Amino acid sequence: MTLKLGVIGTGAIGQEHIRRITNTLSGAKIVAVTDVNAENANAVIENEKLDAKFYEDGHALINAAEVDAVIVTSWGPTHEEFVLASIAAGKPVFCEKPLATTAEGCKRIVEAEVAFGKPLVQVGYMRRYDQGYRALKNVIDNGKVGEPLMVHCAHRNPTVPSSYTGDMAIVDTFIHEIDVLRWLLNDDYVSVQVVAPRKTSNALEHLQDPLIVLLETEKGVRIDGEIFVNCQYGYDIQCQVVGETGTANLPEPSSVILRSEAKLSTEILVDWKQRFIESYDVELQDWINSTLKGEVNGPTAWDGYAAAVTADACLEAKQTGKIVPISMPERPDFYNKSGALVNS
Amino acid sequence: MTLKLGVIGTGAIGQEHIRRITNTLSGAKIVAVTDVNAENANAVIENEKLDAKFYEDGHALINAAEVDAVIVTSWGPTHEEFVLASIAAGKPVFCEKPLATTAEGCKRIVEAEVAFGKPLVQVGYMRRYDQGYRALKNVIDNGKVGEPLMVHCAHRNPTVPSSYTGDMAIVDTFIHEIDVLRWLLNDDYVSVQVVAPRKTSNALEHLQDPLIVLLETEKGVRIDGEIFVNCQYGYDIQCQVVGETGTANLPEPSSVILRSEAKLSTEILVDWKQRFIESYDVELQDWINSTLKGEVNGPTAWDGYAAAVTADACLEAKQTGKIVPISMPERPDFYNKSGALVNS
Amino acid sequence: MTLKLGVIGTGAIGQEHIRRITNTLSGAKIVAVTDVNAENANAVIENEKLDAKFYEDGHALINAAEVDAVIVTSWGPTHEEFVLASIAAGKPVFCEKPLATTAEGCKRIVEAEVAFGKPLVQVGYMRRYDQGYRALKNVIDNGKVGEPLMVHCAHRNPTVPSSYTGDMAIVDTFIHEIDVLRWLLNDDYVSVQVVAPRKTSNALEHLQDPLIVLLETEKGVRIDGEIFVNCQYGYDIQCQVVGETGTANLPEPSSVILRSEAKLSTEILVDWKQRFIESYDVELQDWINSTLKGEVNGPTAWDGYAAAVTADACLEAKQTGKIVPISMPERPDFYNKSGALVNS
Amino acid sequence: MTLKLGVIGTGAIGQEHIRRITNTLSGAKIVAVTDVNAENANAVIENEKLDAKFYEDGHALINAAEVDAVIVTSWGPTHEEFVLASIAAGKPVFCEKPLATTAEGCKRIVEAEVAFGKPLVQVGYMRRYDQGYRALKNVIDNGKVGEPLMVHCAHRNPTVPSSYTGDMAIVDTFIHEIDVLRWLLNDDYVSVQVVAPRKTSNALEHLQDPLIVLLETEKGVRIDGEIFVNCQYGYDIQCQVVGETGTANLPEPSSVILRSEAKLSTEILVDWKQRFIESYDVELQDWINSTLKGEVNGPTAWDGYAAAVTADACLEAKQTGKIVPISMPERPDFYNKSGALVNS
């Protein structure tokens, strides 16, 4: 059985998903495509030799009879609208992050999905599908370091363009840690503080870089998360969980071990795409397989909502320098039952 | 376009290939299946929900009109027969190792393929598709350690069953090094010597374990290859290339870094399947893609022949303790032109 | 020329210093010894076969004509008195930490030394003499990671006895980080905050363990220091300096690399003495050599005072949960000129 | 008690030993010095401010009443003569390698020492005093990898001067492995084979570089030792012992762990002196302490003899390409009893 997919948004990430579904993954095909730029969408159909139809807009695509499920890779501000429309049509939808640009928007999606009564929404937090994070979660869940007490982590980028704003450090960069650590620890956040270290001379005038985000969870775990987007040396994602009896670090990406020029070295990646490229494949294959079974196995709308609420608190903490409480409404039973997290 | 495949042999490896082609890979489907055990073959069709027909024997399957290409995963002694039949039928064939049980058999396949005039045969040496070996080859080909001078390598297994014979150390175990190092160095072997270290007390009476194989290549590279199949501690594949300006080691498999019980540790695999499981996916996807383009991109019949000749010399060297020359006939232009090696 | 030393306090650390001066180091000899427990002091003279005289008390020892310089290894509360007496006698004095039990006491020592007009006092912060920290400082000072922006560090002990109090986490344990990071960064602290993660179940009722200390320096460097004294797995000192262009980690102690029982591992020490044992030798040899030249080359009285002021602020921050400012009086020119730090 | 030493030969290594005995080590002093270049010897006395007398030649020094023990750091061809003279005088003697320039010469020393009836001679193989090798020996002796079966090792130098001859690869370079592996394994050699890999283009015309030495021991352990003296990238000493249940590698020298310029790296030394500088201190301190107790605790004359016999066989194997047997006379009880190896 083949899952027939419609893709809303044929920009960079949309095209990549189309290619992996067509050439790499198993069990699905692209049958419908749309984009605000019709020309671009039609070019993608032609270039990728898709047996797919162009639709005038997302709503037409969502409601097309031949479309079994929807992938939303359009501009962020349109996500909420298309996810809500997919729910209204009773169709499974995979939405790239953010689920909505506001916590309120995420909440509306959660409410619509709960009202519909069946899980339909998955959010594109691909780190949960990274082999390294899964191995780390496995170690923690098996008690190999005891109960987690602290997490030391870092998200480092070589450089960012001048279009990168201060808030993006939270909503584009650290948002991945926000989601993946919640999943890793199976815990929720209760407060956040942001401190600003000495600024690197490699950051543009307008940008405070690096930042340290201090999160506290319900169980009392303390997380210090470094965000350093002009670190120069590479794209480097670090995560150490300190438990009651030991510590566990995210694996380093596999690399040839070189002895050369008076150095014993392994390579550090410089492009984030290389780091998580495989997890996109795993993520979408898992989504295809789950969708064919009528399930949602990955990050749910609730997870998207929790990330949005946390990001809002981080932004406030960054601006005020205060410790900001993070409070979420009670999680509906709906998500406890059905919207289970990957691996849990 | 979908490649329609027939599978000869539905034992363990045959079933695994059927599953990965059906559930994981893109661009091919299983349409025909056979096995000496008809019941088993039919059970596989049913369990894997294949839309495939059962054939009485390999020849019937090979000649079925609906079969575009053939996968040979039957008992080793039958490989030659089915590969020759596939060539006779002009159909691409992927044959698990060994290509044939004798060098003579391999030669007959080479001659048949050359006579046919178009590359059809790929042999299942999956290490060339391992991400680690490819990264290592990339480092070498880019001159990061200069011209290779020596290779130190080891092939270690935790244990072997009592059915494991002395010759299997060469033809089942070290055969992977024989193929992959030839590819890695882009070189051919000219002599071999085998020495027997102190025997481990963990090996059965009949088995000399470990062994060290000393290979010399045309370019003068010296390889020392340790074979240690009762090493107890894990499945561990080591390879260090020493070049004129540095050394490069095969990456260690990615692993969580643990601090626990007074040790800083990473995990060593114990099951060989975990080590190379992903390279099977890459290998077969590459074979599917190449076959659809009418090409052979992986290990050729010539490579299978070279491995067989080398293995024969290793066995002689092991028995005699002498330095045994390895000589191959001139490589036909056919393979120079078409049977190009992966990445070269 | 041999430096003639008097040792006040022949407990564990006093005896160790006596042994290393007598059997391992060069250029000094023990000529005088005292202890509140006269019997113990005399036993040490006998057991170590010292050609040394017993003195009734520290003051008598300090003022003995044959004593060139003094080592204070008595009970902490007596340090101030003996250091002041040594200064009064114009004799160089090496004082184990703490220099005094209060910041006020340290200040009195600073004032006495400045009044005397010649550097006489060195405090026993041995980490500055650790080969690893010195290599790290060298890397930073040579600009290999650019200007330091953040430090992530951890001080982990397997367990502590029930006599270990909450304040000792700062004044006995983290005090080493307080001193060594100030030296490493060549910077001073301006504020501190202490947060309490989820408590480990391995800590006694009365003890909050672990703790995270967040320090800010004059230059804006942010330090997060984990104190975890019941971490079970080992004695583990971690320090990562994040600079503008890279990061540098304290070396791991040298260890055999083992492949065994499905693990690739190196050993983690469990006893702090093994970790810094060599730095004691380096420290005292350097002190002997400097003293013979009439210099103080190691941590000065001012450094001891700075550590005490910082520790006081840490204790307040720990108790209040607030961000506590750290302010020191202007550093007297005396220390700028003479009390130079090791390696700077 | 202070050991009064006479030093024969005040070249580079002689001066270094004089400095470490005078400024770093404990328990000995230099009282007598000689050199073929009297001016040089007198300059050393002056520069190092030694309270020492100049002697006309080695024999006068050896027989001087004030000299308790002798250090021979003169030109290699003179070693035998001065060691024999020291034995004749009944004085302990520390002789830098080689003990004698021929196996016959070593044998004469062994016979003289046995005839004298008391251990007097120690040879300067400092690797036995290296912290890394000692840790490795400790791991092996504690059975952590089971009985040793194989050793893979490498001795790599960045470059050698044009004065470096082919034989020096054995007698100057690999001689260290010859001694230290015999000690590490507590075993003796029975045969050797030398193979010549492809020559590096960085070696001078006259030099075959690299080489691989294949040693076999009495217990059947097989050693492959790479000698590569123009490896360019660094001074790198590798040693992996493969035992019945695991492998153990010599520790890498401690180094700051750097993330910089897309590399995760540690430093490789380029100067051999840095690598073993500390083991010279340990070696001579141990020799001083043992000598004061009337013992020889380090490499004995017998060890020097064994190394010479093995080196001769290596040279023959290198020249002939044959497997050359190594046979030693029965070890006199004298060495079994008294000339015990360090750590055994």
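For reference, chains read A, B, C and D in written order, and residue numbers begin at 1 within each chain.
Keep this in mind: contacts are C-beta pairs under 8 Å (C-beta built on N, C-alpha and C of every residue); 3 or more make two chains touch, one makes a residue touch a chain.
By chain, with names taken from UniProt: A, B, C, D = Inositol 2-dehydrogenase/D-chiro-inositol 3-dehydrogenase.
A quick note: this is a predicted structure, and the numbers were derived from the prediction, not measured.
The set of chains in contact with chain A as well as chain B comprises C, D.
Pairs C-D and B-C differ in how many C-beta pairs touch across them, and the larger number is found at C-D.
Using the average of C-alpha coordinates as each chain's centre, A ends up farthest from chain D. The geometric centre of chain A is 45 Å away from that of chain C, both derived from CA atoms.
Rounded to whole angstrom units, the spacing between the C-alpha centres of chain B and chain C is 59.
Chain centres here are Cα means. That of chain C falls 38 Å from that of chain D. Counting partner chains per residue, chain A has residues 233, 245-247, 252, 255, 259-261, 266 touching two or more of them.
Of all residues in chain D, those touching chain B in their complex are 146-150, 152, 154, 195-202, 210, 212, 214, 216, 219-222, 224, 226, 228, 231-233, 242, 244-247.
Residues of chain A touching chain B in their complex: 22-27, 131-132, 135-136, 138-139, 144-145, 245-261, 266, 285. Contact residues of chain C toward chain B in the complex are 233-234, 236, 252, 255, 259-270.
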